[in-house]
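Structures given as structure tokens follow.
Each of the next two complexes has chain A plus one other chain: chain B in the first, chain C in the second.
And now, the complex of A and B:
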């Protein structure tokens, strides 16, 4: 069987085909397969990996256009998913700049993480001596998001990032902001919520790729919804995004429960767009 | 075959996408599918209301499901976002939220039990592809179709779960049963952008345009989608989207129910093809 792998040597992009016996790789993980190819066929093939146990987050790659954590994906799963395909396309994570073959540049993502102040700013009642305690319930609330290993799988598949990253951040950045903002020990959740609002919080297109692909079963899309609700509760509700969400809510709860699209458009963007939509429809 | 359903039209079918409702009502009796509209259903929250109040959204959908349970029927919807919202609500209710939410429903003398499943037109058709084949009057041979799934008919897999979310086949199965040719279409699993058309207009227009151009490159005669919201986005906004990216291509965008209707031999008028914004008349 064949693996067609995207290569990049710093200057040119090309695809290289590696032929392997299925029996040699079918019991391996996807990362095992990449290592097998590197060991037996091409020492120059470049990719990143470290822990081999879904903890370091280094081994995200794409198979047939969908992102996977390579060490956490069995080849048998891929054979099942792609109906015993005899060719797989392997490419680097999307929405990242490629450095070499399957290795990508994380610097812009780290920059975005910095924007939401990813570390805990603890309440003043906590001290070095007393520690920063929280009870089980408080811990359980954020433990799911705590699992994020910054593998970038969600970011690779994010439709909004693919369309334009200039007014958006990687899904896991919003998840990180949600996590610190909802940590019972945090001094002020808004330290983390506010920068998400000014950095694209309302631009998520609800494609749910992030939720779907995350190897840790985290839903960045739901965390984004959570951050939006927090922002609105604190009065950060100007702009078309909040107006759009609120009009659904008002219709749902206060009116007949069947939303009127024309009124919706009016509330969100003003008369001209609504009339244009109506005119287009006629 | 389960052929009777509690029908959840969703807001879009009662308002903007009149042609979706017309074509659905035209094909259902021919296929032997009985759709009984859920009396008093409300908006599912449209993947928006939870941003304001997740609890109210869950209560609204628990109520929708409870209404269907009273009819002793599984729920069927065509809108993929309604499908996701209803299925997600059901999963939440069945995994721990039921009791709490029922205290709200009790105020309206209602009760959620968990007895009605939630399915979509696409899934029911895919499960009955042989039956559809037998009903085809005018096989769509030679018609090149780009199938556009739309996010919420496959993602997130944990809430939808009917088939693989990275390599789904239900739609191809149905379109092939109608005799049409499915063309390779790189954007078949992409997002149309509908849900962020106001806050992220520039990105959304780019996404919409990319999908239309990908279909045109595949030499498709039309794009077909099971989701009326995707249809609306790709059809009504197509001119705007193509203008923003300075693309010339235009491709008609049909509802799944319209394509099925064509194969069943129904007229363009019965299927509301004249309501489609990008001219679809030559398909009828």
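And now, the complex of A and C:
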């Protein structure tokens, strides 16, 4: 069978086809297959991997256009999904700058994480000496988001990022912000919410592609909705938000943060700009 | 305070690149110079105050501690991968530290268990300090936002870990290490720590006894450049990949720090002390956690016999890790296992627990079975074999009070370091708190040192850089070499180490291994990589790592040969007893001069 791999050597893009015997790889994972090709056919093929057990997030790649965690994907699953196709196209994650072959640049993502100030600032009743208290329900509220392994699969699938990367961040960055804003131990959620507002929060088009493929079953789309609801609520209560934001508030479905889809197109841009202006003023 | 600082830092372009560093009179370097408290760097080389190599828990905690100690210092964390792709991320079970004294637990008991677990090769004062700091570290992590699992009172929850006399292994579900890593990353971002990711430390420069910086290769561009630093913290993790495919640890655990230290003529302590976990999957060694046996899994040989009844009838599969590991290897050696050579295995059977229980309590283990053995352990037993799990040995550090090496300006922390906490065997749950605790101490002391120190002269650093630049050309530029040469050698090294220096060790096998190492080294030196492209040349990275593994293997072999006793995970069939008279206060390996040295405290 054939693997067509999208390659980049630092200067030029090209495709390269590798032929392997099905029996050599059918019991392997996708990462196993990549390692097999590198170690037996082409030592110049570059990709990244570290843990090989689906926890370090290093091995996100695309197969036939869709993002997968390579070490967490069995070849048999791919055979099934693509109806015994005998050719697969492997590409680097989309919406990232490619450094070489399947390796992409994570530096901008780390900087986006920095923007949302992901470090918890604990309520004053807690201390470094004695730690915090959190009940089960409060814990359950955030534990899902903590599963994020920064693999970039959601970012690769994100329609908004594909359309325009300049005013949006990777979906997992919003998940990161929501995880800390929604934590019962957090002193002031707005520390984390505000930077999302000024960095594209209202630009998500709610296509849920991020959710569909996350290997850890996280829904960045839902987390974005949560952030929006919180931004609206806090903004309105404390007077931070612009006065006319109130009219948009009625579009929100019971605090879910999801805008009425019909009015969405009309109003998101206005909303986004207004909120951005408000946040900049501070 | 730190909030404001973060913002300014961010504006100064918080994530620097090698390119920015290299333009030393502008950009990032100027930003460093402006925040630096002492003599600025005038050599034209890129520089920073505190340079931390490694972004596991140890590196990230060191970075924050350095920033906290002195916010005026520039602190940069270097990692050969994206910051969260470390061994720390892979830890599952939990992190030790006494925070609940109501059931009679105490720091003293934690220390005592640690000393006993380490088979008395542990420095006892160090163990007590460690246990004390470990307790404080749990509260601190909680305060930083680490979502520990909770008990009914909303406090951090804990579970039992092997070798502990009380329950003190605090956990966050079955991904404590992952959660810890991301907590540490968030905190590092909060404190304005900068990252140089995809940068590989090739060497460390010690001049006139003092550390003056490191040689880094920007993996993305291939640029090899010196970076001067007033102090350096090595938090590069372990060297368990000496067993290549028989380890639970990530591909990156190649002992780069220990090897660099050896090349610089410093001390690599207790290199023979490598821990084995009884249950790794047959293909590749990924961990099947203790939970599988804890929940009632049984071990079977090729006769279908539950063989543990011949070794430890009263405890069976729940006997201590090292005993179970030795029992399995004995079955393999005596022909009662399946498969052969490196793919030999026995079976771990959980099918009798039933689908429902497996799905509920062991989903992760089932998933691993699917991925690596292509089978469902609801239906069939899984093929397992012991796997190398942790390096107790590491870069010699003089005291837990500073985590300083004997070379001024050089510090080490986490699994890369050896401050004699774990001795001859590490307790489950003790390494995450080791990384957290020693990282912080190293960072604080490195910052203190950097605030007072000047930059070194940088001459040797320059020479080393030139050496590595020509090394890259020599290894990759010839157009020669076969695609599989290096990978085949790596497998052979792993297998040879496993057979001759693995769970069972004897003089004759170790001597045999010495000859093999010599042969491997010669082959290694002759290998050429058929890829001359400097951009993200992962094959060259692997080549350098393999060289480090060879060096670490040879150091471990020296230790294993000289240590004529059995202690902890070091099991000599020709010297079955522990020999305190000769080996308690013993010996470090200095491979720089290829001799064993007396240990001094």
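As a working rule, the second predicted complex is superposed on the first by the 235 of 282 C-alpha atoms of A that agree within 3 Å, B and C clash if a C-alpha of one lies under 4 Å from a C-alpha of the other, contacts with A are read in each partner's own complex, and residues count from 1 in each chain.
Basically, a contact is a pair of C-beta atoms (placed from the backbone, for glycine too) under 8 Å apart; a residue touches a chain by one contact, two chains touch by 3 or more.
A quick note: this is a predicted structure, and the numbers were derived from the prediction, not measured.
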Which superposed partner A:91 touches (first chain B, second chain C, both, neither): neither
First (chain B), second (chain C), both or neither touched by A:119: second
Chain A: partner with more touched residues, chain B or chain C: C
Touched partner set for A:52, first chain B, second chain C, both or neither: second
Touching partner for A:185 - first (chain B), second (chain C), both, neither: second
Touching partner for A:81 - first (chain B), second (chain C), both, neither: first
Contact residues common to both interfaces of chain A (with chain B and with chain C): none
Contact set on chain A toward chain C in their complex: 9-10, 27, 29, 38-44, 46-58, 71-72, 74, 76, 99-101, 103, 105-107, 110-111, 113-115, 117-120, 122, 126-136, 139, 142-143, 146-150, 176, 180, 183, 185
Sites on chain B touched by chain A in the complex: 11-12, 14-16, 41-43, 45-54, 56-57, 60, 84, 151-152, 155-158, 164-167, 190-191, 193-196, 198-200, 202-204, 206-207, 236, 239, 275, 277
Touch list for chain C against partner chain A, complex: 6, 10, 14-15, 17, 81-86, 89-90, 99, 136, 138-145, 147, 149-150, 153-156, 172-173, 175, 178-179, 182, 185-187, 189-191, 195, 197-198, 220-221, 250-252, 284, 286-287, 367-368, 370-372, 374, 483-484, 486-487, 529-531, 533-539
Chain A residues within the chain B interface of the complex: 64, 66, 81-83, 159-160, 163-164, 167-168, 202-209, 211-212, 217, 219, 225, 228-229, 232, 239-246, 248-249, 251-253, 256-261, 268-269, 277, 280-281
